[in-house]
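You will see chain A twice below: alongside chain B first, and alongside chain C after that.
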Partner chain A sequence: MNSRLFKLVTRLASSKAGSVEYPFSKNALLPVPLAVPSDRADALRKGRGLMYFLQQNLPEPKKRQWLQTLFSRQHPQRLLPGSVLTVTLEHAPGVFSGVLMSVRRRGPDTSFVLRNVVQRTGVEMQFFVNSPHLKDIRVIQRAGGGPGKEGRRQRRAKLFFLRDSPSKMTAISAGLRG
Partner chain B sequence: MIEMRPAPEVAVLQTRPTLLLCRTLSFIRGPMFHQLDLMRVVFKQTRLGKAAFFFFKSPPRTMLGLRSLAQTPQLLIQRCCRQLHTTAANLANTVPHPKWTASSLRTGLIARKRGMTAMWDDNGARVPITVLQLENCQVTANIVTLRPDRSEYHAVQIGASDRPSRTTTAQMKGHFRKARVPPKYVVREFPVTPDAHIPVGTTLSAVHFVPGQYVDVTANSIGKGFQGVMKRWNFRGLRASHGVSVSHRSAGATGAHQDPGRVWPGKKMAGRLGGKRITMQNLTVMRVDTDLDLIFVKGAVPGADDAHVLVRDAKKRLVTLAQAHQAVGAYEKVLPKGVDDLPFPAGTKEMAQHLPTVIEARSKRVTSPFVPRE
Partner chain C sequence: MIGLKGCLNVIDNSGALLVECVNVLKQKVNNGWGSVGDEIVCVVKQARPISEATQASATAVKVRRGDVRRAVIVRTKKPVRRPDGRFVRFDDNAAVLLNNKREMLGTRIGGVVSADLRMKGWTKIVSLAPKVV
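Moving on to the complex of A and B:
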């Protein structure tokens, strides 16, 4: 009931100013239009640089920030595989922590996989950065940060070998229990 | 290729029953259309005999009209001469706005496949998206022909993607000059019902499709060259080991023995794969952006990026379903869920100016897939 009310309110709020209706579909959503820069408008209408523009502008501002910092390839604040993250979700399980195993960079379709051992069972979850259900990402431990075994930078982009070696998992995620 | 012959100003009448009579047809001018062009009717020469080609720029002379009325097929009079307006000044809102009905068939559009991405619907479910963009999609002709069995064929000819004049042939330049549009790279026609003709020169917009409706997308698939049977026909090949020599990906046997003693025609074998005209049916339109003329379609679409694709109302999940439900009387089911009406005869640039810039479809699901059912 609350979510339905919320949806109705956001729909009314997000419609164009001046109450412009869309007569062909009563319950269609009217999101905020993309900010097309005037100097690039002609090129975009011809398709030049269109996909890059959509990849930058389709995500919401908060998600765009994440994509440009945490999940970029070059940014100094990017998340390296081997970092330990806690993710807050809108659906079950609500909160999930784990070691960052892989980042799949596809613009708005970027996703990452966290691995954890929950009640003696290895659990991996893939999260899409742009998903409306992904509320918050907190970094518990950065890879490549402090000295010693835990902070050492991983020499792989994808840590799938962790599936076969529980000892390495324990070494990396020791900071979680502490 | 349709023969285009500029018709003489003066009508030539023949009394033979195979005669085709053409009248200038000015179409319904609702508040939607501001162009004051009269539609040109282009007739193909039929096999039955010589046809007279007409092109009226001025109002039809009464005497000519009466005499020709006596000779024309009734069907043609009823349908084509239903609205006869001479000049734009007489039109002035006397005819109501045309509406989409379950028995009408609208034109399609020509778009460019730009690429794929993903979006999340209002339930939070991920939807893979193909981005299609319209590149100055304009109507270049309206086509009306009589088939040998006297039935009518109506179509709207659409051109897309402006082309430099110096690379356009003289013949095509003449054709585009008649339509008063810039030369185009691609010209295709879409069969429509007689009520769905559009004034020549109209620029169409992404608003033609309603988020939530289903479309068929047609394009030439990516060519894969000469391919083996495993890729081309999903054959399983042979074992990787255990004595198989040199034929791990081959087709194996191609027939029986002495009976029939030959290979059946059409036997699946290796050959050229791809590069054919393919239609993906029943794709949902998820989002429409009139600023950049984008149509976001759920799923994949044949063809490479930047290829031209034809986008039409889905034959199975929109057109035939609408006709079936209308015939039975299930009026709520005529259009897909979430779609209340379709722009008719087409969604144009003028219409797009009065509508929101971005329209997105809601999820077809009633409940969220993330909430477990009790």
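Moving on to the complex of A and C:
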């Protein structure tokens, strides 16, 4: 009787997320559920104020700050298309830099596309801001910063024309090195 | 999305320059689509002229125009999704030639390859590539 009680206690004490809450897999990772304040719970369950609550609480604090400054529509420090960024990732390739071609603003689902020319081949990567694999964003050159032609603000929100004109890509990178 | 009649650049030193896809081997039908890491059967459309040394030797691999070979796709213009939601898109379609036993014909790779090859098991190609994105 004592040994059975001991086994039960140790099993409950050492239970991982998979064994008790999710009975179908021992290795399943369950995300931490959002902390909902009790006075808002009823209204949220009916759907009132749900999207605003998700925008404020779903991303982590650092990512929420990025979404409010770098990827907002009117903030003075927002990223303009044509800026050069370096992104640090958890998986391959680790570090990717490129010209910001487009920002797709969807609240927590915001993403941006960077374009770079690696070994004479153009590569574009789309990164999602709230992904836990995205570790850091560093701005190397802001569009509209420097003088002359290279620093001029881009007149488009999505720079897909860079795919067809390698000369404009070299112009942006020349302004970077100079 | 490489299918029948899709053209790919060859980025190894086997001698071929441009190949045209004829069949995608992961599908049991003829009208399937191949992506990064899939094996395809292809026809060599353009090849580098074979040097005299290679012509004289009996063991060196000679790739000529009109050969039917196998290849693995390493870059696609169509965006490929990574497990964390990222998309990677290259500016051209590229492949590396193989023999029937899934071994590489060339010895060097000249260009970027996609990191999705590692997930599909082509670690030899990933280790030879100068840059993996």
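The rule is simple: the second predicted complex is superposed on the first by the 130 of 178 C-alpha atoms of A that agree within 3 Å, B and C clash if a C-alpha of one lies under 4 Å from a C-alpha of the other, contacts with A are read in each partner's own complex, and residues count from 1 in each chain.
We adopt the following convention: contacts are C-beta pairs under 8 Å (C-beta built on N, C-alpha and C of every residue); 3 or more make two chains touch, one makes a residue touch a chain.
Here the structure is a predicted model, which is why all the values come from computation and not from measurement.
Enquirer: For A:V139 in the superposed arrangement: first (chain B), second (chain C), both or neither?
Expert: Once the two structures are laid over each other on A, A:V139 reaches no partner at all.
Enquirer: So, A:Q55: does it touch chain B (first), chain C (second), both, or neither?
Expert: In the superposition, A:Q55 contacts chain B only.
Enquirer: Who does A:P31 touch here: chain B (first), chain C (second), both, or neither?
Expert: Once the two structures are laid over each other on A, A:P31 reaches chain B alone.
Enquirer: When the two structures are overlaid on chain A, which partner does A:T121 contact: first (chain B), second (chain C), both, or neither?
Expert: The second partner, chain C, only.
Enquirer: For A:P93 in the superposed arrangement: first (chain B), second (chain C), both or neither?
Expert: It touches chain C, and chain B stays clear.
Enquirer: Going by the contact rule set out at the top, does A:R163 touch chain B (first), chain C (second), both, or neither?
Expert: A:R163: touches chain C, not chain B.
Enquirer: With both complexes overlaid on chain A, does A:S131 touch chain B (first), chain C (second), both or neither?
Expert: A:S131 contacts both chain B and chain C.
Enquirer: Of chain B and chain C, which one touches more of chain A's residues?
Expert: Looking at chain B versus chain C, the one contacting more residues of chain A is B.
Enquirer: Touching chain B in one complex and chain C in the other: list those residues of chain A.
Expert: In the superposed arrangement, which is not itself an observed complex, chain A uses residues 90-92, 128, 131-133 for both chain B and chain C.
Enquirer: Can you name the residues of chain B that touch chain A in the complex?
Expert: 112, 114-115, 117-120, 122, 124, 126, 131, 133, 135, 210-212, 289, 291-293, 306, 338-343, 354-362, 370-372
Enquirer: So in the complex, which bits of chain C are touching chain A?
Expert: Residues in contact with chain A: 75, 79, 82, 84-92, 94, 111-112, 115, 118, 130-133.
Enquirer: Any idea which chain A residues touch chain B in the complex?
Expert: It is residues 7, 15-16, 20, 22-34, 36, 44-47, 50-51, 54-55, 58, 90-92, 106-109, 128, 130-133 of chain A that touch chain B.
Enquirer: In the complex, go through chain A and note every residue touching chain C.
Expert: Going by the criterion above, the answer is residues 90-93, 96, 111, 118-128, 131-133, 163.
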